[in-house]
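Note that chain A is present in both complexes that follow, paired respectively with chain B and with chain C.
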Partner chain A sequence: MKKRTFVAVSVALLLLCALPLFLPRFYVYVASIVLLTGLLATSLNLAIGYGGIYQFHHTVFYGVGAYGTALMLTRAGAPAPVAMIAGPLAAAALSLVMGLICVRLSKLYFGMLQISLGSLVWVVVYRWYSFTGGDDGIHGVPLPDPLASAAGAYYCTLAVTVLCLFALRRIAGSPFGKTLQGVRDNPVRSEAIGVDVTLHRLVALVIAGFFGGVAGSLFIVVDGSAFPDMMFWTYSLEVLIMCLLGGMYTFWGPFVGSSTLVLLRVFVSVYTQYWGLILGTILSLVIIFLPDGLLGFLVRRFRGREADGA
Partner chain B sequence: MLRVESVVKSFGGFKAVNGANLHVGKGEIVAVIGPNGAGKTTLFHLITGHLAPDSGRILFKGRDLGGLPPHLICRKGITRSFQVVNIFPQLTVFENVQIAVLSRERKTFDIFSKVEGMAAEEVDRILRNVGLHGRRDVRSDLLSHGDQKVLEIAVALSGKPELIRLIRKLSEEFGLTILFCEHDMGLVFEIAQRVMVMVRGGTVVQGSCDEVRANREVQDAYLGGTA
Partner chain C sequence: MEFLSHLFSSGTLSQLLVGLSRTTILFIVSSGLSLILGVLRIPNVAHGSLYMIGAFLAYSVIQLFGGGVPAYAAALVLAPLGVAVLGFVLERGFFSYLYEREHLMLLLLTFSFALIIGDLVKIVWGTEYRSVTLPGAFQGSAEILGLPLPYYNLFLLLVGPVIAVFLWLVINRTRMGKIARAAAIDREMVSAVGINVGWVFAFTFVLGCFLAGLGGALIAPMTNISLGMDHSLIIEAFLIVIMGGLGNVWGALLGSLVFGVTQSLGILVWPKFGIVFPYLAVVAVLVFRPKGLLSSTW
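For the complex of A and B:
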């Protein structure tokens, strides 16, 4: 089994590396967006799927990561690697502040306060013309040569995303990740075995915010622009839907969900502007028939078969 | 080991616990009884730190527990069981116990190691002791209700508690100090070595089963014909 997984992962990575060789430029761009959106959804899932924390406004950290990187490149003239680390760090710092305020509340109360605070950040970005460019956003961010081409941006996104997903996977499979699942399942019980529930939630939020920020930073590399819409609350709900669609209780579910959603939007919107209608229909069917999400269903099916065969 | 000294807790003018006194020695099994609304649950919440007393002191091994949050009180060695089954439903039997062991060893913030197989030896031993080893990889919400209760006890045990509300058998096998609350008087007098009677938030009497049974006030207030 281990060997099979290794071979499968290697083949998948080789295929991903070869993509720009035979795909037209536009689709290389789409592939980059698929990757970084997958990272965004997976980072949210650490909070919501593993921690049971209703992080309703996650794209605030995506946006701050993007703006942080863009501002470092345009205003401070920082080298690209520095800018790409500064964005996520800013997102993690914001996540810490928002987390400190929200983390004592639970479930929906947490979610509502989180949306409020996130919207506050959005308003600041939306209105502060002299600093963030207001509703125009920031465009044409200068990038160094290796990142300027579509293929270069793609390889950078691929490398960073794979690294981050590996790190997130390790975190999810660590004692911390397991404890987080315990906190999700039963916070009262967790306290009674000596777990500091509030602190675990806070750490999870900061980690999720950081990796959300990395996704935002990658968006600058791929698209060269940042705009307020990427941190408007409706986009947060879209990312939440990605987690639901793919399956919150599996590690790769949100990635599957986000890829499905991004590709659907790209390909269906070619034929009709009512792509939302098609998405809504698919989502309704998934929720009714596959409550564990697409991947959750497949995992159960696959494992079930294996058990039957044994 | 545990001393509760004239503790008061009121909720908006209503004194749920009003000057309760209790002491539990090491290895003792003590029952708290009293009519509904006497403040038993509030008292337990005060001891486990889910509520803070308005006045009075709660001492554990001579040290004041006042104001400590539940997870720190747990680390001092007090573990509670719950009235309803209280486990981590989406985790496997093994993981349920594993979390408790990791928490005791303060490893829950470790994000660099692989949790798989961690503390496996101890977890397996605990599961073997309670007879759940055969189901170690089953998701715990798929267990029968009885097995879930056993699992809950296993989780509580994994914290190596010195004080736990459990039954006599466990006390003998694991050398635990137990404080519990039970309405079935037959059971209380069978299991407990000493009994504390609460009425209207205060301690009426505290003593051996015979002393409590013989107490006129208790008979009037609570036991009626059953004793």
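For the complex of A and C:
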């Protein structure tokens, strides 16, 4: 890590740690949601930005992570750390199963089959009143003392998110991540030089599913509830929009995009109920004028084209 | 074997017939989606929104003409036409510039239109549920093999084949249909022989939108017309199109039959979770035939 980057990261972390000291409770909650949604979008980007895999229904893993954690806490009475690991593991397992079914299909078929499998999971969660609470969801998940306050939940979210982003950054920069980008750009040539394309895609999907699940279990820590809308397909497309808005071919783009959208939504909904109109307009403008997203556009503008995929 | 006794009860046939009349609507909407996918290569998420507009327009037209059979007939013509006009504006105004983009971008662009249209509908028609009463002539039931089937469902069962024949004629017997089929396979070649592909695309998109609007107008008397009716439908329509084979209109027909039948029988077999059967059918089809039941133009 360069010295300048190190200083910048330290200052940013210090600022983030100090947030609960001067922000009111509601904004501490919003900041936690910003962090975990950023993790969700970044995890999706490993599949779609780095892997070129059309993961259209990523929030299934977010939802399963959340439900897994919530159910472990409410039904099994497991301690919080165990529950917070069980949720993401369930998401990773589901991701493996869905990946095995979908992975040999071509792009759009992959995305569509993935949406249908995800909708299947959604339907089950939505209808299974006795287990998942059906369309009411699960509310008031009991959390241990340090996590029960807004600030405690925030610090937990911050720590986990930073760790996970660091891990994802390492994965994206590792030989595996580089090979994955090769698979994205030219699967046929990758296969020809001996890369197991299917295996790389599958591993990318499982990792993306796992970190999506972590984001879901953080949502339980922050909000104490899980509901089926978390895994409805429209929310998946919203997360895709976050990736696109920030820039899919950069590592931090999805985080920038998701922070922008989450904050925008919080402030816009004070003034109007027509969030869809605003989101749709922003999205269509970005697609038409900035296909690389905000960060992608800036990177290209200031660093030139060789910075692609960095 | 409790579920078997559910399956072979006397209600099965009428449930199946009611299910099939809903299938008609699924077929009409998904065939439009399939046309747009096959020829223009746009995964049009806004298709469900166009269907929703069709339903709301039908409601407004019926309110305007004060009910009765003529008002209903007018709604069946005017609502799809209105949606077709909107489709023309969307195609010429936006999509015609964006055909070369990645599918992901097109999908997200149509999703942004879906979001915008959803809120515009909220602004124009408000958030309450609307409902349309059937004209007197349609109320009551016919008897089929000793089982009652509402006249309106019977009407839908007749409309389905009519639309299928109409589409077959347009696609196979008109010059436009032939050009569209050729453009679906190789659009460069079609434009190289001097055909203005832009208008073929506009025509196809408008036809697809007309079908979405017609689906919406037809379902108006059967359901609560509400915001959100687009979200549940579009996933079903996409699944049908994928199951049948992307861009294949007959695949859409077959897919909607499979989807509709598994849906109506699934609810009989397992009332609580019957809704999962159509999804399972799609997964099963794609696992064994990754390109869908019938061949795909992709």
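Quick note on the criterion: the second predicted complex is superposed on the first by the 302 of 310 C-alpha atoms of A that agree within 3 Å, B and C clash if a C-alpha of one lies under 4 Å from a C-alpha of the other, contacts with A are read in each partner's own complex, and residues count from 1 in each chain.
Quick note on the criterion: a contact is a pair of C-beta atoms (placed from the backbone, for glycine too) under 8 Å apart; a residue touches a chain by one contact, two chains touch by 3 or more.
This one's a predicted model, so the numbers in the text were calculated from it and none came from an experiment.
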Fit-or-clash call for chain B and chain C when the two complexes are aligned on chain A: fit
Partner chain in contact with A:P79 - chain B first, chain C second, else both or neither: neither
Partner chain(s) touched by A:F176 [first = chain B, second = chain C, both, neither]: first
Contacts of A:D185 with chain B and chain C, given as first, second, both or neither: first
Chain A-centred angle between chain C and chain B, computed on Cα centres after superposition, in steps of 10 °: 80
Partner chain in contact with A:P144 - chain B first, chain C second, else both or neither: neither
Touching partner for A:G194 - first (chain B), second (chain C), both, neither: first
First, second, both or neither for A:Y109, with chain B first and chain C second: second
If touched residues of chain A are counted for chain B and for chain C, the larger one: C
Least C-alpha distance (whole Å) that remains between chain C and chain B when both complexes are overlaid: 15
Residues on chain C engaged by chain A in the complex (per definition of touch): 43, 45, 94, 98, 101, 103-105, 107-109, 111-116, 118-120, 122-123, 231, 235, 238-239, 242, 246, 272-273, 275-276, 279-280, 282-283, 286-287, 290-291, 298
Residue ranges of chain B touching chain A (in the complex, touch as defined): 48, 69-72, 74-75, 79-80, 82, 86-91, 95-96, 98-100, 102-104, 107-116, 118, 155-156, 158-159
Touching residues on chain A, where the partner in the complex is chain B: 170-171, 173-179, 181-182, 184-186, 188-197, 199-200, 203, 207, 249
Chain A residues within the chain C interface of the complex: 48, 54, 56, 101, 104-105, 107-109, 111-113, 115-117, 119-120, 123-124, 127-128, 232-234, 237, 240-241, 244, 273-277, 279-281, 283-284, 287-288, 291
